[in-house]
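To start, the structure itself, in structure tokens.
Order of writing sets the chain letters: A, B, C, D, E, F and G. Residues in each chain are counted from 1.
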Amino acid sequence: MTTANNSRPLDVLDKAKGNKVIIKLKGGTEVTGLLQAFDLHLNIWLEGAEERTADKTIKLGSTLVRGDTIILISPASE
Amino acid sequence: MTTANNSRPLDVLDKAKGNKVIIKLKGGTEVTGLLQAFDLHLNIWLEGAEERTADKTIKLGSTLVRGDTIILISPASE
Amino acid sequence: MTTANNSRPLDVLDKAKGNKVIIKLKGGTEVTGLLQAFDLHLNIWLEGAEERTADKTIKLGSTLVRGDTIILISPASE
Amino acid sequence: MTTANNSRPLDVLDKAKGNKVIIKLKGGTEVTGLLQAFDLHLNIWLEGAEERTADKTIKLGSTLVRGDTIILISPASE
Amino acid sequence: MTTANNSRPLDVLDKAKGNKVIIKLKGGTEVTGLLQAFDLHLNIWLEGAEERTADKTIKLGSTLVRGDTIILISPASE
Amino acid sequence: MTTANNSRPLDVLDKAKGNKVIIKLKGGTEVTGLLQAFDLHLNIWLEGAEERTADKTIKLGSTLVRGDTIILISPASE
Amino acid sequence: MTTANNSRPLDVLDKAKGNKVIIKLKGGTEVTGLLQAFDLHLNIWLEGAEERTADKTIKLGSTLVRGDTIILISPASE
């Protein structure tokens, strides 16, 4: 394994643009969707978003997730 | 699908101006209304707003939602 | 309906000055009163303010509400 | 009633200096006292302060209340 | 009583240096000790500090209390 | 033992790059993975990440952990 | 007792470098270890760290504690 000495943590999102990401929010909610754009506050624009809580899934479509409520973001298939 | 490489997450709100948006707030409340304006803090001005909690819907009319309490914003029909 | 393309969210408060507003706070409290002044942090000065919780109403009179605790602000009759 | 078009929300505290104010804090505590000084963070210096919770009153005397924990401030007799 | 028109809220701490102060923290804990130093964030250095919760007292000795967790600070005998 | 008089706390992460770290989050969740990159906000990019709660382990793979939700970070074998 | 009129609260940490400190975190967790470095956000680098909750002690070794979650820091034997 090679270490990424000069990379920054948000680079992992740059590589995920256009692909499906899983976002875990404070409070236990999970949002998935195709990553369109993000900024330094980790505000995230998703297309085809879905919100999953313990007991249901809701289709959201185009969605802006506020960075402040995000715990972690994981590209779905990398 | 084409990725939006140079776009910013708040662009999704620009496109939703004048249309209905659904805003999910910390604590489980949901507010809907016609998006009039927003700023970088995600303060949102809605017209014809309604607040929905688990057990009731309240008509608010013209409303300013503070960005700090927002989890996600989704244009209703995009 | 015409969209307000160049307006900012706090404009809705400018138009409400001198009129009654309803402020919902984190934790379920609601404060009403005549809007005298506000700043960019959404600190709000009300006259004739009343605080309503689930089980009582308290007359506060002249009151400064800290912006940090506000969820949303709605002019009462617009 | 005349609206205060050019005033700022903290002006209501300027007028209350030397007088009794009631401060409601996050978590349900209430502090009263004579307002000596405040700053833009709403840090408040009170003299003759008392802390009231649901079941008791504690005399604090000279007290600095941190602005961050304040929900609202109301001059007691204005 | 004379009002302190040009004073700032942190002046009350300047006058308490070297003396015992009582600090109430979010979550119900109380810390007492001799005030050595403080900064604009209300970070506080105490000597001879003690932590009191509902059911016990712990001797801490020299202690740095982070300003962010403080609700109020009261000089013990002023 | 020699004290590290001129070092900064984030230096401990610099030395851990490419190695396994354990991250404890607010709310009790623990995330482990190989540290790729971090920034001053403590946003962390992990590869081969796993999320462990009290009752299960979830493979996350490539993951960005938001600094705001982190309590502590510990290199696994140092 | 002499008061420390020109000292700053973080000076107490400077004197504790290389020595054992006890850090109390929001949520009731306690972390101890040898203080290596700290910054203005109170991010803390410990060596030989241990985490103590009500019912167990976990050896962490080298650890970075995020300042944001800290309530207070106390040098163990000063």
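The criterion applied here is as follows: a residue touches a chain if its C-beta (ideal position, glycine included) is under 8 Å from a C-beta of that chain, and two chains touch if they have at least 3 such contacts.
Note that the structure is a prediction, hence the values are computed from the model and not measured.
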item: Given chain C and chain E, the chains that contact each of them; value: D
item: Distance in touch steps, counted as few as possible, from chain A out to chain F; value: 1
item: Cα superposition angle of chain A on its copy chain E, in degrees to the nearest 5; value: 155
item: Geometric centre distance via CA averages, chain G-chain F, whole Å; value: 19
item: Distance between the centres, which are taken as Cα means, of chain E and chain B, whole angstrom; value: 42
item: Chain B and chain F, separation of their C-alpha mean positions in angstrom; value: 34
item: Residues of chain A engaged with two or more neighbouring chains; value: 68
item: Cyclic ordering of chains (reference chain D, direction chain E); value: D, E, G, F, A, B, C
item: Residue ranges of chain G in contact with chain E within the complex; value: 1-5, 7-13, 16, 22, 26, 42, 67-68, 70-75, 77-78
item: Residues of chain C touching chain D in the complex; value: 17-18, 25, 27, 29, 31, 34, 36-39, 43-45, 47, 49, 51, 60-66, 68-69
